[in-house]
Amino acid sequence: MADMLFSVPGIINGRFIGFLLDIAMAALVYYYIKTRKMVHIRRVPGLDAIEEAVGRSAEMGKPVICSFGIGGFTYWTLAGLSILSHVARLSAKTGSRLIVPTGGGDQALIVRPVAEEIVKTAYTMEGAEDQYNPDDLPFYSGQQYAYIGGYVGVMQRIRPGSVIMTGSHASEAMNIAETSNAVGAITITSGSYIGNVAALACASDYILIGEEAPAAGAYLSEDPSQRASIRVQDLFKWLAIAIVVLGIAARSLGNDFLLRLLST
Amino acid sequence: MAEILKNRQLQIIVMLLSFLFVFLPYFLNVPQLNTASTKLITITSIVTAFTVALAVLAQFRRGINIINRRSRGWYFKAYMLMTLVLMLGFSLISRETGPYHWVMFAVVNPLSSVNYGILAFYMASTAARAFRARNTKALLLLLSGFIVLIYQAPLTGAYFTGFEPIALYLGSTFGLAAGRMFLISVTVGAIVFGVRVIMGNEPSVLGLSKEE
Amino acid sequence: MMMAKDSGGILKWMAEYDRRYVYLVLFLVMVGPLLRPIGMPISVSPDTVQYYNVLQQVQPGDKVFFTLNTEFSGYNEIQSGIIATMRVLVEKHARIAFGVAHVEATVIPELIVKAVQAEMTANDYQYGRDYIILGYIFPNEAAVAAGAQDFHGVVTQDWLGRPIAGTFLDEIDDWEDWDLIADFTTGIATSFLINHYALRGTPMIMNCIGIMIASEKPYVDSGVLLGLLQSMRGGAELEFLIGRPGPGLTAMDGFSFGHYALIIFILIGNVGYFGYTRQQQMRVDREAK
């Protein structure tokens, strides 16, 4: 790490700029939500396709499979749960059977009751409580590959119309995506690390890349002010690009001001 | 009491306070805050351990319910519960030797490894199907995939060194740039998502509906 | 316009071959050399050399946190790197604490210790003084974060319930006290270790599974990770560098053949795709006339 430009009393050396950026980001999200600003955001094909996938399953009379990962309460899992909530509402609305494979890790045991609550709430909100069946959230053990054995097995037996796999899936993601493709289901996935994204991009019909999965809750919300908070992500990505370009230019000219500023 | 604990406002306040106790000491040089944060994190990890135990118990009760109802596939549930109890018992006897040790090495290890090995077949068939030069973009993907694949075979480098600089160049420029941008975008997405959760705008993650 | 019924022939087969052929060929070309290794030469990548150089800087008595972020499944992919790294650390007489991030992995340190038993005996390694197995100590991020700030507040006993007081871990209070973290990972708690140790300044090296390479590489270039050993191939290269063949080098023949087989399938698919689409186009043109 380069030398800092200055130190700030009370703040750990090297963390001042990070702290400022975090605060700025939080403040902007708050601003966009509270002022109910109407902004244009780009379309995310992977999220738009969810409705089409659930609709297609309903037309074909086939079930929908949606999973939220095998991890504990990480942001990937939370993003997966947010998408599950949307899929559950769509399934309840269209009368599609929704199957949510759970398990895969000991931490996933803790997430399972929340997922159950989410699906139940979604069915209740759509006035379809009678369609909710807790047995459609099967628990396939706390072991990753036992879970995937169950997951792949259910896909091959019931031949779903669509498979929506989000959240913190690890290496088993490929087993899911490739089997889903083999059984002819619309496959929508998200990868929690880039290696997975590259492989899943080849195996899936639609893929959520990077921040698209965490943004799902806001994007799928019917409230425009919620959707506006996604704008903050784009703003900070532009900022990152600007810093990278400026950094390259400055370093090429032998100036390390930006590097030192970011190390502050 | 249960109703109070399920109150949405209370849950969000607890979440916000917990967040601040962990977030602030990472940046601020306040020893008291640091001590409080360490204590909170330790408490969290203990609570999580108890939560796992509770979750196992809940799963156990659910399994028994399924067996009693003779729902479809109930015998798999019975098998799972039986192995759960057996492994718990075995681990209490000894973890260094005996049946626990045997099950881990003779059953879990080979089953887990074989399942993982199958992944190679899935990856290969996906790649074989996806790498088709259907258009210019796909052609570029195919070419870079070809170079990286041929470089990744250890035998190639021993006889043909020409692929190494190209593969390393692709990895350290396009590959690395994509990796970094992925990290940046995921981080930004996670922070924005976190703020939304703390503000109570992601009620579904608490198992709540918007109207609650 | 009427389309003639088309059998497609060999070109159609090449364009749309059944995925089971891929499975079968891959199985044969990989299992054959595993059963009868040929011992073909391999090249060593610059990343492995960098990782090897970090290991060479380990001093006698250095405290190394040997973290296994893997289950049995992923262990097989990085086993060669784990054992080769362990051999170097033992020969350097580092003090090693094993921590695992998965219930299944609690028995893996036993496999590792057994694999390097000869070196440990030769270097007079004693449990508690020179190495210790802590078991499942990374169940979640909170536990990793707490261990980084107050190690003994989180870890008080080894995997068999024996107290760790009186062992070399008495010298560990927080993240600053580790001389090196050697992480072997399929991704379970690695990001937590990076966040709470490496980003604070604890030297860290990593051996990860193939699919994680792209996501971990930026950490090497930014200096957060001092070295990255890539998958089984990296392990084999490390075995080669230290002159101790093991499971990695044994697997490299099949590894090479598997890659070549896949390339052949990709080529067949493309030839079939172009041939078949061209054939179809010509037929359409002919019928239009």
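The chains carry the letters A, B and C, assigned in the order they are written, with residues numbered from 1 in each.
Everything that follows uses one rule, which is that contacts are C-beta pairs under 8 Å (C-beta built on N, C-alpha and C of every residue); 3 or more make two chains touch, one makes a residue touch a chain.
These numbers come from a predicted model, not from an experiment.
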Check every other chain and keep only those touching both chain A and chain B; list them. C
Higher number of C-beta pairs in contact (A-C or B-C) found for B-C
Per CA centroids, the chain at the heart of the structure shown is B
Going by the average position of its CA atoms, which chain sits the greatest distance from chain C? A
If you average the Cα atoms of chain A and of chain B to get two centres, how far apart are those centres in Å? 13
Centroid distance [mean C-alpha coordinates] between chain C and chain A, Å: 26
Quick one: report the Å distance separating chain B from chain C, using the average Cα coordinate of each chain. 17
Where in chain B do residues touch two or more of the other chains? 48, 52, 108, 112, 115-116, 125, 127, 129, 131, 178-179, 182-183
Shared-contact residues (touching 2 or more other chains) in chain A: 72, 106-107, 143-145, 171, 193-194, 199
Listed in rising order, chain C residues that touch 2 or more other chains are 19, 71, 73-74, 104, 139-140, 214-215
Write out the stretch or stretches of chain B touching chain C in their complex. 22, 34, 37-38, 41-42, 44-45, 48-49, 52, 95-96, 101, 104-105, 108-109, 112-113, 115-117, 120-121, 124-125, 127-129, 131-134, 142, 145-146, 149-150, 152-159, 161, 164, 168, 171-172, 175-176, 178-180, 182-183
Contacts from chain C onto chain B in the complex sit at residues 19, 22-23, 26-27, 30, 40-43, 45-46, 71-77, 104, 106-107, 110, 139-140, 142-143, 145-146, 149-150, 153-154, 159-160, 214-215, 217-218, 221, 233, 236-237, 252-253, 255-256, 258-263, 265-266, 269-270, 273-274
Within the complex, which stretch of chain B touches chain A? 23, 26-30, 48, 51-52, 55-56, 58-59, 62, 66, 71-72, 80, 108, 111-112, 115-116, 118-119, 122-123, 125-127, 129-131, 178-179, 181-186, 188-197, 199, 201-202, 204-209, 211
Chain A residues touching chain B in their complex are 10-12, 15-16, 18-19, 22, 25-26, 29-30, 33, 72, 75, 78-79, 81-82, 84-85, 106-107, 109-110, 112-114, 117-118, 121-122, 124-125, 134-135, 139, 141, 143-146, 148-149, 171-172, 174-175, 177-179, 181, 193-194, 197, 199, 202-203, 209-215, 217-218, 226, 229-230, 232-233, 236-237, 240
Chain A to chain C touching residues, read off their complex: 1, 72, 74, 106-107, 142-145, 170-171, 182, 193-196, 198-199
